[in-house]
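Next come two complexes built around subunit A: one with subunit B, the other with subunit C.
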Partner chain A sequence: MGKAGFIALIILWLFLASVAVFFGIPLVWLILSALDPNASPEFKIPSTISMENFIRLGEPVSGVPPYMWIVNSTIISTLVATIVTIASILAAYVLTRYSFKGQSAMLTAFIVFRLIPPLILALPIMILYRMWGMMNTIHGLVLAMSALILPFTMMIAESFLKSIPATYEEAAMVDGCTRLGAFLKITLPLAAPGIATIWLLAFVTSWSQFVLPLMIIRTPSLMPASVGLQFFFGEYGRVEYGKLSAFSILYSLPVLIVFLIVQKYLKRGIAGLVTR
Partner chain B sequence: MASVRLDHVTKIFPPKTIAVNDVSLEIKNGEFFILLGPSGCGKTTTLRMIAGLEKPTKGRVYIDDEDVTDLPPRKRDVAMVFQTYALYPHMKVYDNIAFPLKLRNMPKDEIDRKVKEVAKLLRIEELLDRYPKQLSGGQQQRVALARALVRHPRVWLMDEPLSNLDALLRVRMRAEIKRLQKELKITTIYVTHDQVEAMSMADRIAVMNKGRVLQVGSPREVYHKPKTLFVAGFIGTPPMNFIKTVFTIDKNEYVLSGQNFKIKLPRQLGELIETKKGLDKEVILGIRPEHIEVVEQPIEKNNIVEAEVYVVEPLGTETIINIKINDTIVKVKTVKEILLEPGAKIKVKIDPNKIYIFDPTTEEAII
Partner chain C sequence: MSLSEYLKDRFLEGTGARLLLLPALALIAIFVVFPVVWNVYVSLTNYALTGPRARIYGFIGLENYIRIFRDPSFYNTLRVSFLFTLFSAIIGQAFLGLGIALALRMREPEGILGKITRALKITASTLVFVAWIIPEVVAGYAWSAITSKGGLVSMLLGVNENIYVKYPFETIVVANVWRGTAFSMILFMAALEGIPQYIYEAAEIDGAGPWKRFRHIILPLISHAILVDFILITIWTYGVFTMPFMIVGPSGQGGPAQIWTLYVYYNAINVYEVAYAATAANIMFLIVLAMIIVYLRVMGFLRRWW
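Up next is the complex of A and B:
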């Protein structure tokens, strides 16, 4: 290796190291604060390490134990993911197996819907929900979030089902299945990786939603974790950094786990989306 | 076993693609019936309408005189082998074959017996524990045949089942499918674009083009008595040659006259053409490559055509010589060992007893 090459390598290493530090330090900071019973808003190595902050998340903040918000998030995201998955697969089945007037217009519409920022929809949704008495309800939130995520997941479902030849279903129908039977026994098992991808994508997306839950849910005991987080910033600027850090870790853990499980399928699903 | 009847069946795909145009066919009990035609001729759509995978726009489909037009595929008791085999990828070979039986709620031990029986028949017993993707093309084909046979369907439908196999295997499976069909005596409707396949396997062939059935008959019939220019040109390897001529009388004899040749016709034949078409009319002369002979020293002057060698294709036992008669390329099949260079002038003899005459406007055979 020449001298120039050596210098280039050092510069590259310095660059990569600074990127690693830039993204890594906050994470390390967060973990250290979570384990420090006397956490404060400064970067320091804790003198004693304990799980006290995690345990204290059981104590109520604003009248609700913070664990409750994680439970709420889990319930909401599971419902959203399930609704969205079923609706996406069924819609995609019709779009890929039948042809009808206005089909391509419909697909284009889905792409356009996907591009609308949720904030623009938030106000009309609030007004409608006030009329319908759906403000401050879990089902109202679940419905609104499902509608928001659906266009995206439906397009993934469409590209996935398109890659499964209709011949399998036809063979099953000749073999003795009804149309529904062929779908349930043949297409659904073949689409399993796609279904898993859609479910988990929808779960993660709804897990990290902030604006909609903030506007729809008012009662602290019904809030998901993304909104509940704000109560750690107490009155008079008092912040419980230790508990906040512990809660943040708990909040990001499910998403991290989900991502690790699906990244393989995710690539396939997204690749299918790109090549369509 | 069953008979199948199509009664004026038409299929139009929206907005206005006419895939099948007024097709009427009768397939007899136990018959091996082949739908033959180029791609896009409507043969697969016809088969899919018999299977129930497409609904005819007009016309009715009968199986054993029962009107099945409005029945879904599962109620027709037909089995189908798809071009891509369509083996369920998530099931093992055993489960693939057992699938149609399980849907009929057959007891487990009976399913087991039947699957093993058909596996033995098709010699795939050792493959039962594998997944479709672990099989070769030929093995997948056998499994697809087994799945179609296991429940003894009334009608066996096959959509180009051999087209994904290599040439050698195709010839072997051709014989095997024919043997199976004869052994089990299942009414079979088979779709192919390969006329050799059709000639070698079928009891009867329906030649299709542009959504219509042009001719139905035994392989011998469609080969020796083609009703149209298309059928004549489609069947036979290499295909029949067509040369533009004028039918006229020369020195009191009927002749087909080309740019620089004359073919004398027997009187009987000439009279027939005259009554059917009239004198001094343009007609298309059809002649199969094996009925043109290269002559080195012509004894007579009649029926001799001068030509130029265009290209020579030696095929081992036989040779195909492409010659140019005026501007038309004509193929000549010969078993003689002839050494010819492109550009050489040769003389060929056309046997007037082996010719076909077609009307250039209707494209129908005159004789």
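Up next is the complex of A and C:
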């Protein structure tokens, strides 16, 4: 390697290192403060490392033990993921196996829905729920959240089912299978990894969603983790940093695990925007 | 034809199959389309969150729209939203994302130097990715903490105050660059991978230096990706709510960081003027709709010509 090459390498290292520092610092602080019983905004190595903050999450905050919010999030996200997966697969099946008027308009509409900022919907949904008596209800939140996520999962489902040739089903039907049978026995097993991906992505999207529960759920014991977390910001600006960081880490774990599983697919999806 | 035959042959094969669209369409109609329409109706009334106007409210025509176009705080939020999107999406995320994507494509030398380079690449790109996928409230909390008094940022700047109070706009811009860069990085990585190796080699043989290679080969070949990236991150950044909400609160520290999503929330929940908030939301929705139409046009154009 020549001198110029070496200098270029050093510059590359410095750049990558600064990127790592910039993106790493908030994350490292989160971990350090979660392990520190005396956590503060200060960036420091804890003098005593302990799991105390995690254990103390059993104590109630605003009258609710924080793990309840994780339980609520699990229930809500499971329901949402299941609803949108079924609805997406059914709709995508029709969109990829039949042709009818308005089909491409429908796909375009889904792109538009997907790009609408959630707050645009959250405000009128709150107003409507006040009329419909659906404020502060889990089913109200689940339905609205499903609708919010559906355009996203619909498009994934559509691309998955499109990649499974309809000729497989046709062949099965020629051999005497019914349409439903062909779908259940041929397409569904082939689409299984895709369906799992859709379910997982829907689960974590709903798990992280903030605006809708913020507008709809007002009772602490019904809140999902994203909104319940606000209660660690106590009154008079006092924040329980240690417990909040510990809670944040527990709350982020499922998301990290899911993305570890689906990241290849996700990257391919983004690549699909710019490659033929 | 008997009924069962009809059901089996005609209904399921044709029209009936479309019923499978029903769950999806019903959800979208009730919880996406109808609310957007309802928001228009609400903006024409004097509906409030509490008090008598929460129960009995009346139609007041375009009064809210007339009022909002005379409201300095609305022009403030327009300006702040525009600058926030410009700095955080285009200048921040897109350029940093492209820079990181290029750095990740750099050749690794042989031996130990190459191993260090590889480790740095993996560490940097993983952290960028994690910043993008953790729940937005967690990201918001971490940023509000490190920009608090006594936090790392206030120490580095030598300011013993809450940075998010002293520099609220800058804080949410930087925090959002941190949050969103991963998308541009991944998009540009994919675009760069699409450039065949022999093009680089040919250029190198012809004696083109790094800048010339970037300017005359890479840039033209990824221009479509840059276009798609700009539009998408602009739309997303424009609609950001959660992180700024966590860092500077609904008032945006009294205005300087009040992007439109905070403005809508603030007017609806803190000031109780729901109809007025709906008015602002509708105007901002028209802007995002225009951007979405541009996106659809561009994607349609690329699909046909590129």
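Here are a few things to note about the model shown:
In this text, the second predicted complex is superposed on the first by the 264 of 276 C-alpha atoms of A that agree within 3 Å, B and C clash if a C-alpha of one lies under 4 Å from a C-alpha of the other, contacts with A are read in each partner's own complex, and residues count from 1 in each chain.
Going forward, a contact is a pair of C-beta atoms (placed from the backbone, for glycine too) under 8 Å apart; a residue touches a chain by one contact, two chains touch by 3 or more.
This is a predicted model, so every value here is computed, not measured.
Placing subunit B and subunit C on a common subunit A by superposition gives a fit, with no clash between them.
By the touch criterion defined above, A:Thr167 reaches subunit B but does not reach subunit C. Working from the superposition on chain A, the subunit A vertex angle toward subunit B and subunit C, CA centres, sits at 90° in steps of 10.
When the two complexes are superposed, the chain touching more residues of subunit A, out of subunit B and subunit C, is C.
Once the two complexes are laid over each other on the shared chain, residue contacts for A:Ile111 go to subunit C alone; subunit B is not touched.
In the superposed pair of complexes, A:Ile186 makes contact with subunit B only, with no contact to subunit C.
Applying the stated contact rule after C-alpha superposition, one finds that A:Asp175 touches subunit B and leaves subunit C untouched. Judged by the touch definition given at the top, the superposed model places A:Tyr67 against neither subunit B nor subunit C. Here the smallest spacing between CA atoms of subunit B and those of subunit C, following superposition, is 6 Å. Once the two complexes are overlaid on chain A, the subunit A residues touched by subunit B in the first and by subunit C in the second are 178-179. If you check the complex, the residues on subunit A that touch subunit C are 1, 5, 8-9, 12-13, 15-17, 19-20, 22-27, 29-30, 33, 40-43, 83, 86-88, 90-91, 93-95, 97-98, 100, 108, 111-113, 115-121, 123-128, 143-144, 146-148, 150-151, 154, 178-180, 204, 207-208, 210-211, 225-226, 229-230, 239, 241, 244, 248, 251-252, 255-256, 259, 263, 267, 270-271, 273-276.
Subunit B meets subunit A in the complex at residues 51-53, 72-74, 78-80, 82, 84, 86, 88-90, 99-100, 103-104, 147, 157. Remark: subunit A residues 165, 167-168, 170-179, 181, 186, 189-190 touch subunit B in the complex.
Those residues of subunit C whose C-beta lies close enough to touch subunit A in the complex are 8, 12-14, 17-18, 20-21, 23-25, 27-28, 30-32, 34-36, 38-39, 42, 47, 96, 99-100, 103, 106, 109, 113, 116-117, 120-121, 123-124, 127-131, 133-139, 141-143, 145-146, 148-152, 155, 178, 181, 183, 186-187, 190-191, 193-194, 210, 222, 224-225, 228, 232, 235-236, 238-239, 241-242, 261, 264-265, 268, 274, 277-278, 281, 284-285, 288-289, 292, 295-296, 306.
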